[in-house]
Each structure stands twice: as C-alpha cells, then as structure tokens.
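In the two assemblies presented below, chain A is common to both, partnered first by chain B and then by chain C.
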Partner chain A sequence: MGVEALELQGLSIRLGGAQILHDVSLSVPAGSFTCLLGPSGCGKTTLLRSIAGFAPPASGDIRLGARSIAGLPPEKRGTAMVFQSYALWPHMTVAGNLTYPLKLRGIARAEREERAEQMLELLGLPGYGARKVGSLSGGQRQRIALGRALIIDPPILLLDEPLSNLDAAIRRNLRGELRRLQQRLGITTIMVTHDQEEALAMADTIVLMRAGQVVQVASPQDLYARPADLDAGRFLGVDNVVAARPDDPVAAATLGFRSMDARIRDTALEEAKGNALVRHGTVLDCAYTGGGYHLQLESGAEVISAVSGVPVAPGSQVCVAVPTASLMAFGTDQRLLPN
Partner chain B sequence: MAFASLARRGAANLLPAVMIGLCAFVVFGPLTNLFLWAFAEKWFFPARYPTEFGFDFWHRVFRPRAGAWTSLFNSVWIALATVALSMALAVPAGYALARLKLPARAAIMLIFLLPQAFPSLPIFVNIAQMFYGLGLNGTYTGVVLVHSLPGLVYAVWIATAAFSAVDRTMEEAARNLGAAPLRTFRDITLPQAFPGLVAASIFVFLDSIDEFTGTFFVGTPDITTLPILMFNASMGGNYQIAAITALILLIPSIGFMLVIERFLKADVLSRIGR
Partner chain C sequence: MTIADPSARDWRGMLPGLMLIAPALLAIALLYVVPLARSVVFAFVDAEGGFTTAHLRTAIELYGRDVIFTVMVALASLALISVTSIAIAGYLTLGATPWAVTALRWLYRWPLFIPFIVAGQTARSFLARNGLMNSLLIDSGLMDPALAQSLLDWRGLVLTFAWKQVPFVTLLLAGAMASVDRSTIEAARNMGAGRLRCLIEIVLPQVRGTLLVGLILSLVTIMSVLSVPMMVIAGNPTMMTSMMAHRVTYYGDYAVANALGLFSYLITAVAAYVYLRMTLTQHNEGGR
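Let's look at the complex of A and B:
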C-alpha cells in the first residue's frame, strides 16, 4: 500500500457525554515515528483509537494520504494497530494469527504461509509458526502482535503502549529493535506512551498531550530542552521550580531546572554570578543513588533537589549552582519565555 | 492420657465420616432403591428386598407397543429442537447483553430470571390455555416452545457469560486487520465463546429431557416423553417400569455431564454473574 502521511484536522471526540479530545490538529509526515506522550487520561489512546476507527469523532477529519478515513469502518481503513494487551487470538496458532489478515484479503494458502514464515524470520522467531499463543513469553507475544500488524503492509502503524507490559530489560531491548525495524521498513508510525524516556529514545517527533489537547509538538531534543510550559516541564523531569530573583542570569517569573543539572558547590568557592543560578541552603537529606548522591536542600521557603559527587551531611550549609544553559525561564502565565 | 486424646481424635474423625455417610445416604439411597426396583421381578410388602430378580420388565418396557422407544425418541428430538431454538435466540441475545454496560445488563438478566422465580405450575397452566387458542396443544411445536421457556434462561445466562469472557480488543484487532463485523464474530468471538455455548446447550438439553410439568399440560395425551411415561407408570403402581424409565433417562444426563466436565471451564462459570 506504500507509506502515507496522516493528517488530523480539528478532531473532537466525545465519549459518554465527556469531551475526550478538543479540536486536535496534527500532521504526521510519511515515514516518521511520532509519539503521543502524556499522563494517563490525557486522551492519547483515544486519539490513536480514533485513527483506527474505534472512537467516532464528533467533528473534524482524519486524512490518510489523499483520502479521508474518518467515515470509514475500522476494517476499511488499512491502519494496522498493535494493542497494549497484544490481543492475539488464543484459539489460533502463531502462524494462524499472522496469516488471518492475509486470509481476509483472499491471498492463497501457499503464499500466506510463505509470508508468515518470512515475517517470523524478520521478527527473529523462525519456526514458531506452529506454537500456541499461550506458550509464548510477553516479549514474543509483543513481536507476534507487531508482525500480525505489519504483514498486511499497512500505510500506517499504530502502537498503543506496546512495551508497557514488559520487564524493564526486555523493554529497553525491544525499544531499539522496534525503532530499527520502523526505520528499515520506513513505515509511518504513531506510538502512544506515558513513558517520557521511551518517547525521547524512539520518536522523531513527540506530541505532548494534556487534558484532551495538544500542548506541544517538537523533536525530542527541543521538547526536553524547551518544554512549552511548566506542567509540560514537570512531566519531562523538570523537578525544580524556583522563583526568579533579580540577580539571576535569566529574567523570568519562575525558573525550572532538573536536579541532575544542579551541582553542589562549597559555600566558600562561590561561582561568579552572571552565568549560573546560585542558591544557598541547608541540606535536609542526602541519599546515595549509585553513581552519586541526591540532595534535598532548603533554600528559604523553597526545597531544591540537586546532585553531588560526594556525600554532604544533613544540616550543613551549601551552595547550589545551575548553569544558564540548563535553565528554563517561565513567565507569570507559566508558559516558557522565548529566549 | 493417650487413650483420651485418641478418643478425641477418633471423635473428631467420626463426625465428618458420619456426615459424609448421611449425605451419601440421602443422595444415593433413592438411587439404590431405583436400581433394586429396575431389576426386581417380585417385591411384595413385608419383604425387605426383592424376592426375585430378572429382566422380565425390561422386555416389557422395550416391547414395541409399550411406548418406551417412542417416548425416548420424542424426548431426544424435543430436547434437540429445544436446544436449537434456545441457542438460536441466546447467541445473539447473549452477545448483545455481554457488550452492554453493567447496570442495564444486570437488569435485563434479572428480568430473564423472572419466569424461574414464579411457581411454574400457574405459568404452565396459562401457557396451556393460550396454546389451546393457538392450536399448539398436543403438537411438537407446542412442547418445544414450552421447554424453551426455562431453557432460554440457562442459555442466555451462560451465553452472556461466555461472550463476556471474550476480550473485546481481540475483536477490535480482527476489525483493525480487515474483518467485517460478522466475519469477526464468526472467526474470533464464536470460537472463543464456544465452550460456554456448548455448556449452555447441555444445560438446555438436560432441562428439556427432564421437563415434566410443561409437557404434561401442553403435550399429553398426544405426546409422551420419558418423564410422562415414568409418571404414568408410577401412578399405575408399576414401579419396575418407572424405575427402568428413570435409568434410561440417566443415560443422556450422564453422557452430557461428562461433556460439561470437558468443556466448561471455571473461568466461564465465574463470569455468569458479572
């Protein structure tokens, strides 16, 4: 079918009287990997389901390539989806699961079996065709579910939290594998996830969502360095928010930064002001985190998290410095200020 | 000391043993009596056990004119037709109910139980009266309809449970990959709900094989099933024939119990109330 671009135009969705999506517009270039990222309940899964045809839009349009698919039933859309629970059919074998979509397309038995075998090869599971779905591990099921979606050579691949049911180690492996497979096939892919690390590692473009709206569309690097507002920043690991002072290097209402960018300095060796944010405080707590120490310190009314290479006794007076490049300046409306 | 504790242990073991024995007697006592009667040639009052055993009454029961064969075939055909009718209604109804949201579903399921809640006799008397008007009395159709009334309750309840056990996303996956709704139902939903539907069919079948009151009001005297034959025999004081009929009735029941055991999984049963 070839790879196609996806375009959402003013999409709104209501489910049972509640407005799940508000006027979402988005364009996903052909062949790109896009992550829908957001906290649970933000509408990202509903958005994905609406593309697949399982959540009828109240208004707006969904266009795949040149045609509008918003009015089509799911089976006519050609969007291939991998479900969070994998939704493999337990009454069929692995090969049965893989060939069923081909059977629906009237492809002859011999070709179906050949393509299933090729797909198993591609997934790194050769010879698994005769197995029962129930005998597979979580990671294997995930691959079969992916293979079942890819076997129809879809114009677009939809992934609903495909890695969330797996162990951390398998998840990291599959993350890379999935990304490489996507790049090799060059298939337009939309993945839903609540895991920011996963989104940053895999996506070309991240669509940050909150309360049924798109907050920001950006590359992983941009999103990480310049979240659109304070909430987006917090979701992306900006765990320190302090009120700005006149002598800070950046003018803003509040300044945000990640604790990993906040280094502890000796109070005596004070950094030259102007190229760093500097705060003094009393250490409340010092916890070992493997590579170093994580500190909580009280600076006036604010509590700041910071890292240190050496342990610091609670109660001692320290100085914390954050380089200007790591600071995010937010205005009084909590939105990121342009630099 | 040792004796006292032994006695206490003995008493502790004795109580369950006695209880089990009592239960066994309650369950198997009548069955044993039935077996004795089935093979008793002569058994008159003061004798505690039959004075003569034999197969004479078996020959009488299976004589062409005795009606046992006809009743057996009637019973089986009516039961099969009842299963067909009940399942034809229960499969779509069960599927629709399984996909409904809970409060509505619970209400409808409860309504389906109502005919079971009323005493069956007045219901059957009224059905018989209605069927007279429709000319259904004494017809196979009438008997099948009257058997389907309790049959549907089982069928709809169990079918709903069986369909609820099918994960919705599996249907969505099939739709997503190109299967139209009916095709999805046939290829994905039905095969997974199949064990539950078999169980439902078995319950309907057994219920119909056993059904007496409805058949009595709607079917007799034109249609005789095994329970009717048994009733006539015992009312005529012919306990041998009643016992033999009862043993014949056991055959389909036990056969289908074995099938249930094989097909019905606990997880299907556990979803009936949900």
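Let's look at the complex of A and C:
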C-alpha cells in the first residue's frame, strides 16, 4: 500500500458529553515515528483511536495521504493498530492470528501461510505458527500482535502503549527492536505512551499532550531541553523549580532544572557565579541511589533536589550549582522564555 | 480399642461435611433421583412384577412417529433459536445505532415473563388460518386471501418455542458477548472485518460454550412443555409430552408413559453428554 503521511485538521472529539479533544491539528510526515506523550487522561489514546476509527470526531478532518478517512468505518481505513492488551484472538492459533487479516483481504491460503511464516521469521519466532495464543509469554504476544498489524503492509501503524504490560528488561529490548523494525520498513508510525523515557528513546517527533490539547510538537532533544511551559517541564523530569533572583545568570520569573544537573560543591566557591545558578542550603536528607547520592536541601523557603558523588551528612551547610546551559527560564505566565 | 481404624477416622472427619450437605442431597434424592429411577424401572416391569420390554415396544409401535416428530421439532426450534438469538445478541454487542440498541435491549426480554400456556394461546390466535397474522397480511395487501393457510402444525410449534426461548438464550449470549475482550473485536475491525464477519468469526467462537448451554437448557424445556403442543396442534403426530399426558389421563397407563419418558431422558442425556464433554475439553485447554 505504500507509506503515507497523516494529517489531522482541527479535530475535536466528544465522548459521553465530555470534550476529550479540543481542536487538535497535527501533521505526521510519511515514514516518521511520532510519539503521543502525556499523562493519563490527556486524550492521547482517544486521538489514536480516532485515527483508527473507534472515536468519531465531532468536527475536523483526518487525512491519510490524499484521502479523507474521517467518515470511514474502521474496517475501511486500512490503518493497523496494536492494542495495549495485544487483543490477539484467543480461539485462533498464532498462524491463525497472523493470516486472518490476509484472509479478510481475499488472499489465497498458500500465500497466506507463506507470508505468516515470513512474518514469524522477521519477528524472531520461527516455528511458532501452530501454537495456541494462550501459551505465549507477554513479549511473544506483543510481537505477534505487531506482526498481525504489519502483515497487511499498512500505510500507517498505530501503537497504543504497546510495551506498557511488559517487564522492564523485555521492554528495553523490544523498544530497540521496534524502532529498528520501523526504520527498516520505513512505515509511518504513531505510538501512544505515558513513559517519557520511551518516547525520548524511540521517536523522531514527540507530540506532548495535556487536557485534550497539543502542548508542544518537537524533536526529543528539543522537548527535553526546552519544554514549552512549566507543566511540560515537570512532566519531562524538571523536578526543581526555584524563584529567580537578580544575581542569577538568566533573567526569568522562575528557573527550572533537573536534579541530575544540580551538583553539590562542598566549599562555597564564588567562581561559579556568572555561568551557573548557585544556591546555599541545609541538607535535609541524603539517599544512596546506586551511582551516587540524591540530596534534598532546604534553601530559604525552597527545597532543592540535587546529586552528589559523595555522601553528605544531613544538617550540613552546602552550596549547589547548576550550569547555565541546564537552566530553563520561565516567565510569569509559566511559559518558557525565548533564548 | 486403642488403635483407631484409619478408614473409620477418615469417615469421622468427613461427618460434619456430610451433615452439612445432607439436606441438599436428601432433596435431590427424594425429589429427583427416586422418581427418575422409579419411572425408568416401571417402564420395564409388567403387571406381575417381572421384567418386560412390552411397554417399550408398544411405545415405539404407537408413538414412534411422535418421537421422531418431537426430535425434528426440537432441532428446528433450536436452529431458529440460535440464528435469532445470535442476531439479536450480536446487534446488542456490535450495533452502531445507540437508540436502536437501547430499544432492542428493552424489547427482547418480554417473552421471558409470559408463561408457556399464554404463549400457546396467543400463538393459536395469531397463526390460525383466519388468525391475526393472516388478517394483517391480507389487509395490507401482501397476501392473496386464497393463499391463507394455518400455521398451527409443526411450524406453529417451532415458532412458539423459538419465541419463548429466544429471549432466554439471548440473555445468556448477550451477557457472554459483553464480557468478550472488546479490543479483540476492535482489532478485527481494524484489520478489515465488517461487523457481520466480526460477529461470526471473532465474537461467536469466543461465546460458543454459552450458546451451547442456552440451547441445551432450551432443549430440556422444549422436551418438557405440555401446554404448547396441547394448544397449538391438534391430531397426529404431536410432541411426546402430549402423548404421555394422553396415555396417563385416558388410559391410566403409566408403564407406556414411562417408556415414552425414557426416550425424553435419552435425548436430553445425549445433549448433556455433549455439553459435559465440551466443557471438560475447554477446561483442560484453559488449564494448560
């Protein structure tokens, strides 16, 4: 079918009287990997389901390549979706699950079986065709669900939190595998996730959503370094927010930074001034986190999280410094200030 | 006695449990097992108390056609019941028009609350040659009056049984379909299956067991209802229940009635065996 671009124009969705999506516009280039990222309830899954045809739009348009698909029933859209619960058909074998979409397309049995074999080969599960779905592990089910979606050679692949039900180690493996597979096939992919690490590691573009609206569309690097506002920053791991002072290196209402960028200096060095944010404080708590120590310190009315290579006794007076490059400056409206 | 017999000790351990289930066991034994055994035994006992197959032979000779008729009517009813309840439950599960789904959900259960005798009476006035159905068809110009015929034969029985049992089977089936993982249906639609294919190839295989339970319970009901064949059809052949009642009320001949009853037991026993085998297979697969 070939790879196609997806375009959402002013999409609004109401479900049971509640407005789930507000006027969402988005363009997804052909062959790209886009992540819809956001906290639960932000509407990202609804957005994905509306592309597949399971959430009828109240207004707006969805275009796949040159055609509008907003008015089509799910079975006519040709999108391939991988569900969070895998949604494998329990009454069919693995091969049955893989070949059913081909059967629906009227492809002859011999070719169906051949393509299922090839797909199992591609997924690294050769010889699993005759097995019952119930006998597979979570990771294997996930792969079969992915194979079932890919076997129809769809113009677009939709992934609904595909890795969230898996163990951390399998998740990391599958994450890389999924990304490599996507790049090899060059298929336009949209993935929903609430895991920022997953989105950062896999996506070409991240669409950050909140309360039914798109907050920011950016590359992982840009999103990580320059979140659009304070809430976006907090969602992306900016765990320190302090009121700016006149002698800080960057002018802003509030400054945000991640605790991993905040380093403890045991001596109050003034040389850092000018190219770093410096705060003094009393250590409240010091916890070992494997590679180093995580500290909470009280600086005036603010509590700052920071890291240290060596343990620091609670109660000690310390100085914390954050390099200017790691600071994010937010205005009084909580939006990121331009550089 | 210093050393307790181990088996006696086991029995003493089971005693409280046995006492707890005793009332239920007693009720089953007195109300079900004893009458069942009695009627089976009496089918083979002659006037002098000896063993005989004469009653069975009389039953086959006089009522063989009715037994076959009963089986055919039951099978036709079950076929109609399955098709209709699959269609209704399927629409309740996959229907896309909310008001139609709500209306159907509200309507389909009504026959559940209507007794068989009333259903039989209604069927009689609805399906007769100059009954309500034919009048409506003729008045609306859909049917030539000369072609009007009575449906008060095997067709009337099938329709009445189906009308009465469809809501029951639909109730079970719609419940089972509602608990099918919704995403398996969505996955099929996403892959290109229309709603009808979804129903037949994705939903139905997952609720097969429930459908079978509904049909077996319906079979037992059809085999035991007396009022409907009494009301709906006159003459021969008719359902076995009708003939059993006839044998008992007019001849006081319990032996032949019991022999006829034996056929009912056999037919329902076959269905029960099929059902048990299927649940066991499913159970084993689930445990694996």
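What we mean here is this: the second predicted complex is superposed on the first by the 334 of 339 C-alpha atoms of A that agree within 3 Å, B and C clash if a C-alpha of one lies under 4 Å from a C-alpha of the other, contacts with A are read in each partner's own complex, and residues count from 1 in each chain.
Convention: contacts are C-beta pairs under 8 Å (C-beta built on N, C-alpha and C of every residue); 3 or more make two chains touch, one makes a residue touch a chain.
Bear in mind the structure is a predicted one, so any value in this text is a computation, not a measurement.
Enquirer: Is this a clash or a fit when chain B and chain C both end up on chain A?
Expert: Aligned through their shared chain, the two binders clash on chain A.
Enquirer: Is A:His91 in contact with chain B, with chain C, with both, or with neither (first, second, both, neither)?
Expert: both
Enquirer: Thinking of the overlay built on chain A, is A:Ser135 touched by chain B (first), by chain C (second), by both, or by neither?
Expert: A:Ser135 sits against chain C, while chain B stays out of touch.
Enquirer: Of all the chain A residues, which ones make contact with chain B and with chain C?
Expert: On chain A, the overlap between the chain B and chain C contacts is residues 52-54, 73-75, 77-81, 83, 85, 87-91, 100-101, 104-105, 148-149, 152.
Enquirer: Chain A touches which residues of chain B in the complex?
Expert: Those in contact with chain A are residues 167, 169-170, 172-181, 183, 187-188, 191-192.
Enquirer: Sort out for me which residues of chain A touch chain C in the complex.
Expert: Within the complex, chain A touches chain C at residues 52-54, 73-81, 83-85, 87-91, 100-101, 104-105, 132, 134-135, 148-149, 152.
Enquirer: Considering only the defined contacts, which chain C positions touch chain A in the complex?
Expert: Where chain C meets chain A, its residues are 181, 183-184, 186-194, 197, 201-202, 205-206, 285-286, 288.
Enquirer: Would you tell me which residues of chain A are touching chain B in their complex?
Expert: On the chain A side, the touching residues are 52-54, 73-75, 77-81, 83, 85, 87-91, 100-101, 104-105, 148-149, 152.
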